[in-house]
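Each of the two complexes below includes chain A, the first together with chain B, the second together with chain C.
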Partner chain A sequence: MTALGSFALYAALVVTLYGLAAGILGLRRRDPVLLESSRRAVAGWAGCIALAAAALLYALVTRDFSIRFVAETTRADLPLLYAVTAFWGGHAGSLLLWALVLALYGAVAASSGLRRLPAAPIVFLVLLGTAAFFTLILAASGNPFEALRIPPPDGRGLNPLLRNPWMAAHPPALYLGFVGTTVPFALAVAALASGDPDGATLRAARPWVRLGWLFLTVGLLFGAKWSYVVLGWGGYWAWDPVENAALMPWLTGAAYLHSVQVFERDGTLRRWTAGLLMLSFALAILGTFLTRSGVLSSVHAFANSSVGPYFVVFLAFLVAGSAALLLRRRRDAGAADAGAGGQIDSLLSREAAFLANNVLLVTAAGAVLLGTLFPILAEVVTGDRINVGPPYFNQVLLPVVVLLLLLMAVGPLLSWRRSDPREMGVLLAAPGALGALAALGGAALGIRHPAALLIGALCVFTAAATVVEAGRGAEVRRRRGDALPVALVRVAARARTRYGGYLVHLGLLIMLAGITGSSVFTTQTQTALRPGERVRLGRYEVRYDEVSAVEGAGLTVTAAALTAFDGRGAVSLEARHVHHRAQDAITAEVAIHSTWRDDLYVVLIGLSGDRRATFRILLNPMVAWLWAGAALMVAGGTIAALPARRRVSPGVLEDARQSAQPELVR
Partner chain B sequence: MRTSRKLVVGLAVIVAAIGAVAYSGIRSAAVYYLTPTEFAGRADLRSAQVRLAGTVEAGTVRRDGGRVTGFRLSDGTTAIDVRYGGPLPDLFAEGREVLVEGRLRDGALDATRVITTHPTEYKEGSPRP
Partner chain C sequence: MRSMLVAIVIALAPIAAAAAPSPPAPPGVDIGLLLLAVDAKRDHLRVSEALRLSNTGPARTLELRVPLPEGAAYLAVHRGIERWLRTAGGFTAVLRVPAGISEVAYSYALPSGRTAVMIRSFPLRVQRLEVVARGRGVGLELDGGGPVDAVLLGAETLPRWEVRALPAGEPVTILLDRLPVSHPWLPAAGASGIAVVLGTGLIRHLRRGPPPGEETSSR
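Let's look at the complex of A and B:
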């Protein structure tokens, strides 16, 4: 397996280099045979990487401890599921997963309709360039097939924190999102390099971004869920640089999904839209660099890391190249592409709302980037090691979120070009009243936290405005005789992207309400109890019943049984400690009783000889809203990302929908 | 063109305001990460929010009716007194490596947070992508 895997990696490197040479030469000589050969090299490279991945998977499943990676991440007694997910449980395997996901996207791109685009050879060149980079670092410094001279009798086993279903699924989802920025990036480069007079190349990126952004959302959620149920600190998001790394391309991807609607409508914001695709890819590479190079623990760790310098060079090349392309086009761009805001007639237009939304989303990404990179820069410049904590991010992002919520309410109701202020007033009257009512209701219930009241009221206002907008289209059909639900489904089916987007908006609002509730109003207590003793937290009284220990394969599970009473009934809970004997490490399994109102969250902290157990108990309000909103976002994103049924180029179809919309509404 | 200019100016003002918030925020939210020895040598950080890494010195944990009220944090050469009455992390114990966040007051660190280090979290080859 070692030989086959290594061979596949080196073959992959040769194929990409050949493909790059063939592509460059083919473009120079305008030779279709060479260009076709370059396209096939993408598929050939993907095949080699798939072979390498299959070899690694086989080695993991058969526990071939003669391979260092397998010996470091698995053990004989590791369950099969975690032997498979050990693939991304270490450095070299994670890099191979990156390459494998790129192989998947590349193979689809090379065989899809993209190849009929005039600028397709450039798309494949960029894909091959990225493929060459990742294959090079795999072969040169992260080879997962490195052999051990003396194979150990058993492996070290998977990091205990990773033995969790959410963490098993988190990296593939996140990587599908990260790597999903590559094809759109290639399309943006191709569009700018070729001129792309009809805009088809840039438009072709949209379905790819929708899909990648959806995966990134799912990946972020899996990570948050894992943090919540495994780490035992009571939260789901810590503004940890590793989390920020995934949030930044998510923000710029969201910006693209809005600005592209302006571009598809009238061809403006072309460079800006292409620039967002380039920025998203650069941030995804930066994120991979931050997590893979060790630079986060210390600049010195980066200096000793084997992949860090490669990433810095690649990133510098990528940023410089993108900037050059964006600036070069400035000279020959026509008046229609004069720049951001070139064709905006009225502040009260959908174009203006989209532009403001984009500026805010990019500003948010910039603020997150500053908070993430500041410690690294400070260590380089002053030598001080600094941590930038949640207060910074909360303080900076609060005004951005407030403004984005307002835009999310008003934007979808606005018409293109200009809107009638009086009509807007009529449409927004009911949502405004509901929002004000929510604020008053919250204050009457005793909520004195100004930011929480503001966000809560805005969430209600914006959700109501979204419902008003979604209902406007359905109302027209209803008047023609359809029942309201039927009308809504029919209208939504016609403009799937649009209505999928509204579901994403609603999901985001529900999620934001949950985030606000759980981060502002959480209460907790820490206490040591003997069996039979009780402790009170909020409306719950929690009784510690007994402790038991069970031996499993390679681990010992100590479970503390508890009963929670809320005045109406009783719920059984079990907070556990898992002792992983191989690593002599303990992980906690949090007991969670979730309701729409709040989560009762019990962590077993420790046990002492006299049967006393120490618990930390938290009452986290509205966490269930977060997951429910997230599920709605994913559902909406899926509806929007499903491929179009008719075999028309996606851009054309979108244009038809967009132009059909005003007639439907009026 | 007038409208566009208005929009651009408006957005620029908003971005500048958020930038100003970010600039002031990052200075006040920056937490220095040091060992007790390094901290002892930094007169300029006397009143700054710091995060100190060390071990809980054996035999120094003070309790008031089962509740921990303080301990000494040591890096082997220097030790500093820590006052703390809040929630303690998983597996807090003497000899365990912890991170203590707080501010110096009357010769002792008034801690706002005590967390255990997750040694695997940021290593190269860290599983979290």
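Let's look at the complex of A and C:
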């Protein structure tokens, strides 16, 4: 497997370099044979990477300890699931996963309709350039097939923190999102480099961004869930640099998904839209750099390596190249925007709302970037490393979130070009009243936290406005005789992207409510109990029953059994310590009793000789809302990302009727 | 002749494993049979040594310094040793030796090339040392010993050599050749082949020039 895997990597490098040479020469000589060969090189490279990935997977599953990576990330007694997920459990494997995902996207791009775009050769050239960078790093610095002269009888095993189903799924989903920014980036470069007079190249990025953004959402969600159930600190988002690195392209991707609608409608915001795609890719590369370089302390330190400088050079190259392209097209794009009527007629228009939304999302990404890189910047300027924590992010982002919520409510109701303020007032009256009622209701229930009241009221207002907007389309059909649910389904089926987007908005609102509730109203206690003793927290009384220890394959599991009473019934819980004998490391398994109202969250801190156990118990309100909202976002994103059904235009239908082709008409 | 061959191989072999000095042998205890099995893997050897101890005296606790060949790694003790400590030249073992017959077994791995020479010595007198080598086509010789009937293991025939009455601390040289080795240059050579094919095709195409009138529409 060592020889096969290494061969596949070296061959991949050769094929990408060939593809780059063929592409550059083909463009210079306007030679279609060379350009076609360059396109095929993308598929050839993808095949080589797939072969390398298959070789590594086989080596992991068969525990081929003659390969250093396998010996360092697996053991003979590791369950098959984690032997497979060990693929991304170390630096070299996760780099190969990056390349594999890029290979997947590249192969699809090379065989999809993108190849018919006039600027397709540039798209493939950019893909090959990115592929060459990652293959070069793999072959030169992170070869996962490095052989051991004498294989050990058993491996070291997977990092215990990674032995969790959420972490098994988190990196692939996140990488599908991160790497999903590559094809849109290539399309943006191609659009700017070629001029893209009809905007087809830039428009072609939209389905790719939707898909990548969806995967990024799923990846972030899985990571948050892992943090919540494994790390045992009671939270799901810590503003960790690597978490932030995944959030930033998510924000700029969301900005693109809104700005492209303006571009698709009248051709304006061309450079801005292309710039967002470039920024998303640069942020994805920055995220990969932060994960691997170790320049910032992070819970993702297990992937640290020495490839940081390569990423810095690559990042500098692509930022400089993107900036140069954007500047080069400044005059052309300005003319195109002007020609397309490139100005906003009214502040009360959908274009203005989208522009404001973009400014806010990019501002949020910028604020997150500043907070993430602040320790490095501070060290450069003052010599001391100063970290900014959650207070910075919460204070900076709260106004942005408030304004975004307002826009999310108003924007979908606005018309293109200009809206009637009175009509807007009528449409927003009921949502506004509901929002105000929510604020008053919250205050009456004793909520005194201003930010929580504001966010809660805005969530209700925006959700109601979204329902009003979704209902407007359905109302038209209902008047034609459809029942309201049928009308809603039919209108949503006809405009999947739009209604999928509304579901994403509703999911985000539910999630925001959950985040607000769990951030502001969490209560906790830490206590040492003997078996039979009880502690009270909120509406729960928790009894510590007993402790037991079980030996498993390579593990010793110490479990503390508890019973939680809420006045109406009792639930059994088990908080565990898992001792991974091979690594001599202990991980916690948190006991969680989840309801729509709150999560009872119990962490076993330690055990003492007199059978006393120390627990940290938290009551986290509305966490289930977060997961439910996120699931709704993913569902909406999936609906929006589904490929559109091919529609037969009326003209074609007429032609078909005239030429008596019943199968087309049917 | 064989001694000369061994001398040449020792001079050429990439790995020559030297023995560490042995402690004096305790009276009444010796090794009746020592079976040394070499499993030839790619670039390394897995060596298992099984000792049948013969104690004519009362039960006793022995501390033995067992020398291991240079480069030995992943020492694993399988049987008969109570405590052990890895040392620079081998390992020190504390074992409870009952009266009569008892067994000790341990294994380790060694790096190897196309040939390997292992110089082994043991802290006790060995009445009979048997060496068996496993691996397709592997050649085995013992300096000072002689070949005996090969061992039939399934479909494999394993060469077997033996030495009798080996004094404590006396080195015995085991010569192995035709060992399996990896070819680390193969992947690069294969990829170079692909590079040559693609490069040649590209150059030939460039020399021919593009077909007249064919141009891409990209800018």
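General remarks:
To be clear about the criterion, the second predicted complex is superposed on the first by the 627 of 666 C-alpha atoms of A that agree within 3 Å, B and C clash if a C-alpha of one lies under 4 Å from a C-alpha of the other, contacts with A are read in each partner's own complex, and residues count from 1 in each chain.
Heads up, the rule we're going with is that contacts are C-beta pairs under 8 Å (C-beta built on N, C-alpha and C of every residue); 3 or more make two chains touch, one makes a residue touch a chain.
Model, not experiment: these values are computed from the prediction.
Annotation: superposed three-chain arrangement on chain A; chain B versus chain C shows no clash, the two fitting side by side. Seen from the CA centre of chain A, chain B and chain C lie at an angle of 80° in the overlaid model, rounded to the nearest 10. In the superposition on chain A, A:L370 makes contact with chain B only, not with chain C. The wider contact with chain A, measured as residues touched, comes from B rather than the other of chain B and chain C. By the touch criterion defined above, A:A553 lies against neither chain B nor chain C after alignment on the C-alpha atoms of chain A. Of the two partner chains, chain C is the only one touched by A:R30; chain B is not. Of the two partner chains placed by superposition, only chain C is touched by A:P153; chain B is not.
Within the superposed three-chain model, A:G232 lies in touch with chain B and out of touch with chain C [touch as defined at top].
When the shared chain is aligned, no partner comes close enough to touch A:A483: not chain B, not chain C.
For the pair chain B and chain C, the minimum alpha-carbon spacing after aligning on chain A is 25 Å. Shared interface residues of chain A (contacting chain B in one complex, chain C in the other): none. Within the complex formed with chain A, the residues of chain C that make contact are 42-44, 73-74, 76, 109-111, 182-184, 186-188, 190-192, 194-195, 198-199, 202, 205-206, 210-211, 214-219.
The residues of chain A lying in touch with chain C in their complex are 2-4, 6-7, 9-11, 13-15, 18, 21-22, 25-27, 29-35, 66, 118-122, 147, 149-153, 193-195.
Across the interface of their complex, chain B is touched by residues 88-92, 94, 159, 161-162, 167, 170-171, 174-175, 178, 223, 232-233, 242, 246, 287-288, 291-294, 296-297, 301, 305, 340-347, 352, 355-356, 359-360, 363, 367, 370-371, 374-375, 378, 384-389, 391-392, 395-396, 399-400, 403, 524, 526, 528, 586, 588, 603, 605-606, 616 of chain A.
On chain B, the positions that touch chain A within their shared complex are 3-8, 10-11, 14-15, 17-19, 21-22, 25-26, 28-34, 51, 66, 87-93, 115, 118, 120, 122-129.
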